[in-house]
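Next come two complexes, and both contain chain A; in the first it sits with chain B, in the second with chain C.
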Partner chain A sequence: MSGRDLLGLVVAGAAGLAVLILTPIYFELDTVLNLTVYMIMAVLALSLALVWGFGGILCFGQSAFFGLGAYTYAIAIINMGESTAPLLLSILVPALFAAALGYFIFYGRISDVYLGVITLTVTLILFNSINSTAGPEFHIGAARLGGFNGIPGIPPLNWPLQKDKPVDLQGMFYLSTASLIVVYFGLRALLASRFGHIIVGIRENERRAELLGYDPRAYKLATFVIGAALAGYAGCLFANWGAFVSPTIFGLAQSAQIIIWVIVGGRGALIGPILGCIGIQWLTAALGANAPTGAGGFAAVLGNAPLVLGAILIAFVLLVPKGLAPTLADLTGQRMRAR
Partner chain B sequence: MTALLLETRGLGMRFGGVQAVRDVDFRLAERELRCLIGPNGAGKSTFFKLLTGQLQPTSGEVLLRGENISRQPPHQIARRGIGIKTQAPTVFEGLSVRENLWLSAARVARGRQAGAIVEDMLERVGVGEVAGRIVGELAHGQRQWVELGVVLATDPDLVLLDEPAAGMTDKEVLRTADLVREINKTKALIVVEHDMQFIRMIAGKVTVFNQGAVLVEDNVEAILNNPTVRDVYLGKQAAA
Partner chain C sequence: MDLAALLGVQVLYAIASLALISLGLAIIFGMMKVINLAHGEFLMLGGYAAIEANRFGLNIWIAILVVAPIVVGAIGVVVERTIIRWLYGRIIDTMLATWGLSLFLVGLTTAIFGNTTVGLSAPLGSFEIGRYRMSAYTLFVIAVAVAALAGVLAALRYTRAGLIARGTMQNGAMAAALGVNPGRVYAVTFGVGAAITGLAGAVLAPVSGVFPSIGGAYVAKSFITVIGGGAAIVTGTTSASILFGAINQLATYATTPVFGEVALLGAAVVLIRVLPQGITGRFFRRSL
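Up next is the complex of A and B:
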């Protein structure tokens, strides 16, 4: 590891810890709540950063695993009442689902384009299926699926195996932030390992990796499953955060958002997608809140969050195609060399 | 007599109406060096793809040390000891030279041992000076050597080289010929090449392909003087 990498790690760790410790002390509860969801979504962004940015697998349906995790947690906790097993299930179910789906995709040698189409279709099928479960006959145990109304009043996580010690709102902030930090460093370690180098090699040239004796199908499947497990875990946290989950979690908008976070933050980076995710969510919230009703002209344009986000996305694709983090790294690298 | 390493029996490959490889019976001994020549479209590259599992034959079989490998996926064939340098360099374009070699070495060794293979290979194929550079940014000749290093780092028993000297300067061709002879001290090789000068430098037995089938098999000088070969292949080269 080079000195620059080490410095980056220390900075990232210190910044993470600072946010973790200082935020609840200095900010109001509603800010803490907003930050909590940013952290959760950043975990989701990291899951796609791994699968797409490093594994080279453009999954348009990362929200399928996110939604499955959220729904699994909701259904399991309503039935079980204690959150340890539901939490684990919210990771396990999406992972198994991804293993089955990925097996057919990768071992069937389906091309990259169709992989995008299939994953997108799967998440839309889930959206439509769950969306049409409004009647009382659709229930799993005690949990009614609720169709487009979703499942409200999801019981919160509790301390492991201690049903009477629920995690409060501030606790959720700590848990989400700590999860983000752990996932970030966990992925750094994974990518520094033999496995990590091999998946990057496969992304660079699948044929060459195969001719050297690596089975790309197995490595891609493993990457896909790890990504799904992380997305599922983020989904569990999300269901906790709002105590609510609805089918829009599987929708096209949600799927597209995750991809935008990674494009803006940069493929082939981990810190980039975190910043891209938090930055864009903050911007969306700010734009939405600052648009006065009935405003015309410039204010109306600025208040139109999808329009501004679309412009940002186009600007990034055209002007900063590598994304935020790799471009900044290139610039600082050049400056250091110029000295 | 040395032991048989590779054998094909009645090997054939048909793409729709085109018979790219037809009924090829080919035998290669352990540590033998064989050159494969023939006009464009003679089926040489398809033959290589059949040997490495990138294509599955429509008829016949490939035997490696007596074991039928013709239905095995490419990664398993690679693990059995066949390495290939393709015509257009197949390398990890976005990674550095060192990372390219490490990915190859890591398949057969761990930790420090893999690192030692990388250092050894950097020196052997002569790309030590550009070890930290991204392979996609290197000159064509250097990328050819990087790929050769990548192939050799897994220590295969049989090395397939598809036009290793293509697009190289005269000096680079000489070095590549030296390298091929050095590799041949421990490994068997099959070299596809159009450059007859290069084939003379590395010597060895020559198999001539024409229209997907083996036309003739002999040593270099006999091939050069063979009227049929001159007619289908060398004559065209001389006229060009």
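Up next is the complex of A and C:
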């Protein structure tokens, strides 16, 4: 590892710890709440950064695993009442689902393009099926699925195995931020490991990796499953944050958003998607706040999140295809060499 | 007996509407290898074009059959010239850019028309099958689908423009050497695909109504039809529509519309696993 990489790691760690410790001291509770959801979504962004940026697997349905994690947690905790097992299930169920789906995709050697379409289709299947379960006859144990109304009033996480000690709002912030830091460094370690080198090698040249004796199908499947597990965990945190899940978290808009975070931030580095995620979320929140409902004209256009997000996505694909972080790194690198 | 006839017409209708919404996409994907994720929004725009034209007093048939294809075709040409043409050969980037376009168009139409469903009352009244009544518009949709498929097949096979288009798609440099302007062919092909999509959106508007995010309901179905069909545009679309349309409608009849769609999508995933090149990758290989 070069000195510059090490410096980057130290800076990232210090910045993460500073956010973790200082935010609740200096900011009001509503800011802390907003930041919590940014942290949760950043974990989700990291899951796609791994699968797409490093595994080279363009998954259009990362929100399927996110939603599955959220629903699993909601259904499990309503039935069990204690959060340790639901938390683990919310990671396990999306991982198993991804393993089944991924087996189908990777062992069928389906091309990149069809992979995108299939993952998108699966997301739509989940959205449509959950959406149509509004009636009281759709329930799993004590949990009613609620269809398009969603599941309200999800009980919060508690300390492991201590049912009467729930995690409060500030605790959720600490948990989410700590999760982001742990996931970031965990992924850095994973990518520095033998496994990480192999998946990047497969991304660069699948045929060559195969001829060298690695089975790309197994490695891609493993990457896909790890990504799904992380997305599921983010979903569990999200269900906790709002105490509510609805089918929109499976929706196309949500899937697109995750892709946009990664595109804007940049693939090939983990810090990019985190910054992209936080930046875009901040932007959508700011635009939404500026446009009161019923506003006309210019405010209505700017306050219209899909319109702005769509324009951003088109602009980045056409003009900044590598994303912000790598492009900025290239520019500063060039300038330093030029000196 | 009456019930069987009714179900038969419904299955035909499901097949026809599937073929109709997929044909434009099949042209754009099959000929240009461009995955247009804004396809659903082109359908939506076709619906709005017809409804708005009708609201301004235009005859409903002209609004559906003439105005909608022209408007959406023109939008298609603009999109090709501004976005798609920079991305040929970068298939993943095309998907991402058109997804951006899809969000953009949803946002734009929401800002203009509002997030409500608008409709167009279906003309033609109804007819009877024994004890059941059915909208005659259903038959019109089936007729339009057949006409569109036949028209595209004839244009590709028997006209000079179709020959030039096919030649350019096969080998752009060769066609350019023979005096064809490939950029123009791409733009026109994309425009034709968009125009047929606009027509489909307008034809279906009286059945389903139109709202800004209606594209999401169509896009997955049309994609899997095109992918399930494989490389041949007309034969592929037709065969995949027959398979998926029948599965969808029969499953809908047996359970609910939602599980009909789930059955359709599930069947598609299995089909792609078994025949990764689509139906025409294995059967009818020399067809168009």
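General remarks:
Everything below uses one rule, namely that the second predicted complex is superposed on the first by the 329 of 339 C-alpha atoms of A that agree within 3 Å, B and C clash if a C-alpha of one lies under 4 Å from a C-alpha of the other, contacts with A are read in each partner's own complex, and residues count from 1 in each chain.
The working rule: contacts are C-beta pairs under 8 Å (C-beta built on N, C-alpha and C of every residue); 3 or more make two chains touch, one makes a residue touch a chain.
Bear in mind that the values here come from a model prediction, so they are computed numbers and not experimental data.
When the two structures are aligned on the shared chain, A:129 is found in touch with chain C, with no touch to chain B.
Legend: residue contacts after superposition of the two complexes on their common chain; A:5 is shown touching neither chain B nor chain C.
When the shared chain is aligned, no partner comes close enough to touch A:168: not chain B, not chain C.
Shared-chain residue A:330: touches no atom of chain B or chain C. More chain A residues lie in contact with C than with the other chain of the pair chain B and chain C. Once chain A of one complex is fitted onto chain A of the other, the partner contacts of A:314 are limited to chain C, with no touch recorded for chain B. By the document's definition of touching, of the two partners only chain B reaches A:204; chain C does not. Contacts from chain C toward chain A in the complex involve residues 35, 83, 86-87, 91-93, 95-97, 99-108, 110-111, 216, 220, 223-224, 227, 256, 258-259, 261-262, 265-266, 268-269, 272-273, 276.
Touching chain C in their complex are the following residues of chain A: 58, 104, 108-114, 116-118, 120-122, 124-125, 128-129, 131-132, 251-253, 256, 259-260, 263, 300-301, 304-315, 317-318, 321. The touching residues of chain A, when paired with chain B in their complex, are 194, 197-198, 200-201, 204-205, 207-216. Of all residues in chain B, only 52, 54, 73-76, 78-79, 83-84, 86, 90-95, 99, 102-104, 106-107, 110, 150, 154 touch chain A in the complex they form.
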